[in-house]
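Shared between the two complexes below is chain A, which pairs with chain B and chain C, respectively.
Let's look at the complex of A and B:
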């Protein structure tokens, strides 16, 4: 007998090779390694390909074709993760991208390529979608670069971060999150990574612009134009211009008022008057107390989402509402046309539900920061806190108390922002006995 | 020597490991066609010597006209839900109880309020942008304008008439500033919106309004009785109008009507060419029950 039966196995060492075979199959993983490829933003793609009226064929085949068109255009404009393309109009530096892109490798002693995949992609993902393999286990989630929004920067709220802002975050990491410091990398490497983040962001915004254009301007089987005029002048140029303009969009920094001495602790007698003014503003015109709470433990208005999570929450609501309505609709007396429309819509809703389940992280609320802990994500220097207060935090619910743009009027004066900074810096040390001596001010156990 | 139970366990574990695959199931997104991408790229990097031949739209016609109509809702709007007020309860909702305003239908006339009608593209604009600030106010923890219309470049006077602080967060503009109790600020919007965007207050999550900023200002919002009118429209050119409602079930808020005579599309658009000094009345525009989520 050539093939041993199972009953024979128990008596023969031949069982060992069988198990080894299975084990090797397991270790080999899931097939050959494919070259890395960018993933479409399927949430936005599905949202913008909602069926409208009569399609000549199934929604899924129509939507796939549109999505493939966008993928192809993006590859033409930006290349692949292994071979990025920097069109002249993108303002991106091809040499820096080469250093950051592709698999980790070294062709010259002492120089390493593939920095993004070595250091970043396991959290931020190959496509910069903030959905790398580790992303789901982190809180907060890694940043999704594709909407082109960044929190910790020196510019006006609606402006992009400067190069120095991106480099600062890479260099220092983000305290209180999983983002580590990359201070041990050479400055040229950090620079290359900052360029690659810009590349992924510009690519992501271009993708969103293409899908939105298609939703707004195309119907049926219309194809996206692939001309220079459209792709470069109309789509890419405005995005690139915003990045270029960031370097001139820094907010003004007011002089530190007399009586404020940041070289001393926030609650030092030298700062006492300023801290008292800051405290009054915190509870008054600054409005900080509304979300950060009277205790500053971050226990005010606390059931909100940031823009990245809100997009998923809102899409999920739309889908859930649509599915419920479609379940409640009786199809028995529908005309054939209405029935076809109903079925197409149901197909889209189910596909969207699947995409939200598989291609998005479960939305999480963003709690206001506990200011008693002394952990400041955007940096702990007084200047960093001043910037967070002045413009608020882009993408987060945190509003600004400074003017919304050049020439605007702030909720408080620029000098007053420094007093609030001073008060915030005193919060981890402040103790006025109101909470009771048995309760720690730094409520680390408050979750 | 391996016993049968061990073998079964080993086989089961191996099978499980293989079946478990490689992590969570992501959908199969379409991928690029590399050959087609290369061709497109050639066109993009080719010397940009060829000047753009796409000329500006030829301006046709002269004079101005107006368009009006009335939206009615064919479905049953139900009762508006009371909002849950759980912040600053000593102020919010004290003047009057607060209700969800996203679907306002006049009980007597069935008129549908807060439908936004705007021109997608026009070649001429009659009136320059006003320098007079438009007031956008909030009181009783409610935005006073459910749907607010302004032109790009026109200053907005964003006020807070409440004795508590609010932050005004205008989606699509990056304006999110704290407005202290009884104070205000000015804001000059510089970006046009393709569709109305939500205005919220993060401190009081029930607060919601919509805002649309357009360059040409050819926007109307239907009144409580469902009527709307846009004046000073350029005559003699085909105008495409977009129709939007917050609770629409169409794509991006588009309101689809069965009006083939106006070329009304599922994207919520219709086309009209107006004659000089014409005052066109579209009459009653019935919004079917399914077009608005109730």
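Let's look at the complex of A and C:
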């Protein structure tokens, strides 16, 4: 934006600079802005470019070149935030991506485009890295889509979410977090956003796969293969297949046993026996008390991280350990080769420390849920609670009590899970349990 | 001659202010930027107060602006020879133009008391129909369920999609989870700040069925613009059926039969 210098115009009437300033402000809105671009996952990129053996040149120029290679491949496969590419092999719908991508605008028939930037990017970031401008202020942090892990879904723990799962989260929001509901958007818009989340996720997973491949298979100045066989068949296809398989990976839902009546509140006499059984399982085979605490206030073991934060914590530890060790190493009697290697490694450690400082959010622990607040992130239907209990929460320390895969056996039988669900439903309204009337820890005032 | 022309131009610029000001109001309804349709019982009294004050201030505005134009036109410096005359002013005139606005304001303060009391003080004696909790950036809703009491096990939880019975008093308990928001129903002429830590009652009676906007009228953060909800007024029977349906959905133990684990058919 060009603002005229007021001092040059001082001899003119005062109105002139004011008018020029206003005019330049108006015109600033018309200029073309810098095209948006995806950011690399620098934490993963730096982690996987740890120096090995002897490099012909400085680590930083070598690593920069490798990152540039990956960025070039990714742009060819996925396009840019303004112009996404949906390869046929990715299974993504180009029309939906177009609706969600790019700057906010209306297209030729007056349809709203750029939905992701209108609704999502200020928290989830242009690249879907969960590091938009408002992300640092939120607790929990917005989801980073790039590892391709999602918490609230109907499928087996390690499986991807179904389309309906993503749509449901968009529709309901996530109570207890900063994710609001988008229930009033048109279904076509919600679908487009779900598709775009999948796109960012597949892109992020592809990026990680490329760096991991380079770390394991390439040495020195080797270039990543750019053949179709490698990029599509070897890298992209397995990722896409997992997303496709999600639609058939829904966990089975057991029939509700007798003595469980979800149409009545948990404290209703009709449910009393079932709630008592659920309580016994909660304290016994279910193992829930370990983290959620005997009072279910979430005051059990509470010093764990979710996978997204854990990755940062572990990388930070590795870097801190490496820096500590290098400080204690004496370089005076090293052979020249050893010294070069040592220096390269120190360069990498410092670069990694900088990346963790600048490109990652400060890790936050994930406390176990306080089950007496009556706030359920993945939804409050008995069905939602059943799914959370059955598979646990992918990416979080919450384990499942059901089987870990089809045909397996869980620590609690499928039918018994319903009793635990019933007990959990009763917790916010339990006035005569361990938290008596003298302990005002009830949902009435804690919504 | 140039100075005389400048005087005329400036006078006309000042005359343009009341002309354009009035024209803006005259064409506003044609461009649909005037008051939205009112479907509430008390809205007429709010609107009539609005129009009364608009006419009152409008007439004074036009009169003042025309007078200003006339002074600029008549007492143009280029038409005058000799020095300006110094006058101290008129004590009587100042007293008059102080007392008249003061009396007008006092009159308005008394005249609007009944409308204010209807909206903010004469709360119907009833349990809340629904609790609305504002949050960055959505409206979380809690219905008391069959027992009519909030905070019990049969509460119904929803978000952004408020339904209310038509032709009945409704009492909303308004809260905020995080920052200041403002619960604004333009079609019901209701605007009430939601304040963290306070339960604020809001009540009204809708006279027409239909879907209308809920918007946040207090800048509440980055996502303020998307903090939009929808209120649907419907006859009692439909309202009850909707509550039953939503309650049944909330108790679901199996994925809904239709494709997609989601009942969107609203």
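The working rule: the second predicted complex is superposed on the first by the 399 of 447 C-alpha atoms of A that agree within 3 Å, B and C clash if a C-alpha of one lies under 4 Å from a C-alpha of the other, contacts with A are read in each partner's own complex, and residues count from 1 in each chain.
Assume a residue touches a chain if its C-beta (ideal position, glycine included) is under 8 Å from a C-beta of that chain, and two chains touch if they have at least 3 such contacts.
The structure presented is a predicted model; accordingly, all values stated were derived computationally and were not measured.
Engineer: Please tell me, clash or fit, for chain B and chain C sharing chain A in the overlay.
Structural biologist: Verdict on chain A: chain B and chain C fit.
Engineer: Is it chain B or chain C that touches the larger share of residues in chain A?
Structural biologist: B
Engineer: Under the stated touch criterion, which partner chain does A:210 make contact with: chain B (first), chain C (second), both, or neither?
Structural biologist: neither
Engineer: Examine A:183 and indicate which partner it touches, taking first as chain B and second as chain C; both and neither are also allowed.
Structural biologist: second
Engineer: Using the touch definition from the top, say if A:169 reaches chain B (first), chain C (second), both or neither.
Structural biologist: After superposing on A, A:169 lies clear of both chain B and chain C.
Engineer: Could you look at A:86 and tell me whether it touches chain B, chain C, both or neither (first, second, both, neither)?
Structural biologist: After superposition on chain A, A:86 lies in contact with neither partner.
Engineer: Let me test your reading of the model: by the given contact rule, A:380 touches which partner, first (chain B), second (chain C), both or neither?
Structural biologist: second
Engineer: May I ask you to decide whether A:266 touches chain B, chain C, both, or neither, giving the answer as first, second, both or neither?
Structural biologist: Touch status of A:266: second partner only.
Engineer: After superposition on the shared chain, which partner residues are touched by A:303: those of chain B (first), chain C (second), both, or neither?
Structural biologist: First partner only, chain B.
Engineer: Rounded to the nearest Å, state the minimum C-alpha distance from chain B to chain C in the superposed three-chain model.
Structural biologist: 16
Engineer: Pick out the shared contact residues on chain A: the ones touching chain B in one complex and chain C in the other.
Structural biologist: Correct list for chain A: 133.
Engineer: Over in the complex, which chain C residues touch chain A? Could you list them?
Structural biologist: Listed in rising order, the residues of chain C that touch chain A are 131, 133, 135-138, 140, 142, 150-154, 157, 159-161, 175, 177, 221-223, 226-230, 248-255, 259-262, 264.
Engineer: Would you pull the chain A residues touching chain B in the complex into a rising list?
Structural biologist: On the chain A side, the touching residues are 6, 9-11, 13, 15-16, 18-19, 22-23, 25-26, 29-30, 37-40, 42, 45, 48, 50, 52-53, 64-65, 67-68, 71-77, 80, 85, 87-88, 133, 136, 156-158, 212, 215-216, 219, 226-229, 231-233, 284-287, 290-291, 300-301, 303-304, 321-322, 325, 354-355, 358-359, 392, 394, 397-401, 403-405, 408-412.
Engineer: How about chain B: which of its residues touch chain A in the complex?
Structural biologist: 1-4, 7, 10-11, 14-15, 17-18, 21-27, 29-34, 36-41, 43-46, 48, 52, 54, 87, 164-169, 173-181, 183, 185-188, 194, 202-205, 249-252, 254, 256, 265-267, 293
Engineer: Name, in rising order, each residue of chain A that touches chain C in their complex.
Structural biologist: Checking each residue of chain A against chain C gives 118-119, 122, 133-134, 154, 162-165, 167-168, 171-173, 175, 178, 180-181, 183-184, 187, 250, 253, 256, 262-268, 380-383, 386, 418, 425-426, 428-429, 442-445, 447.
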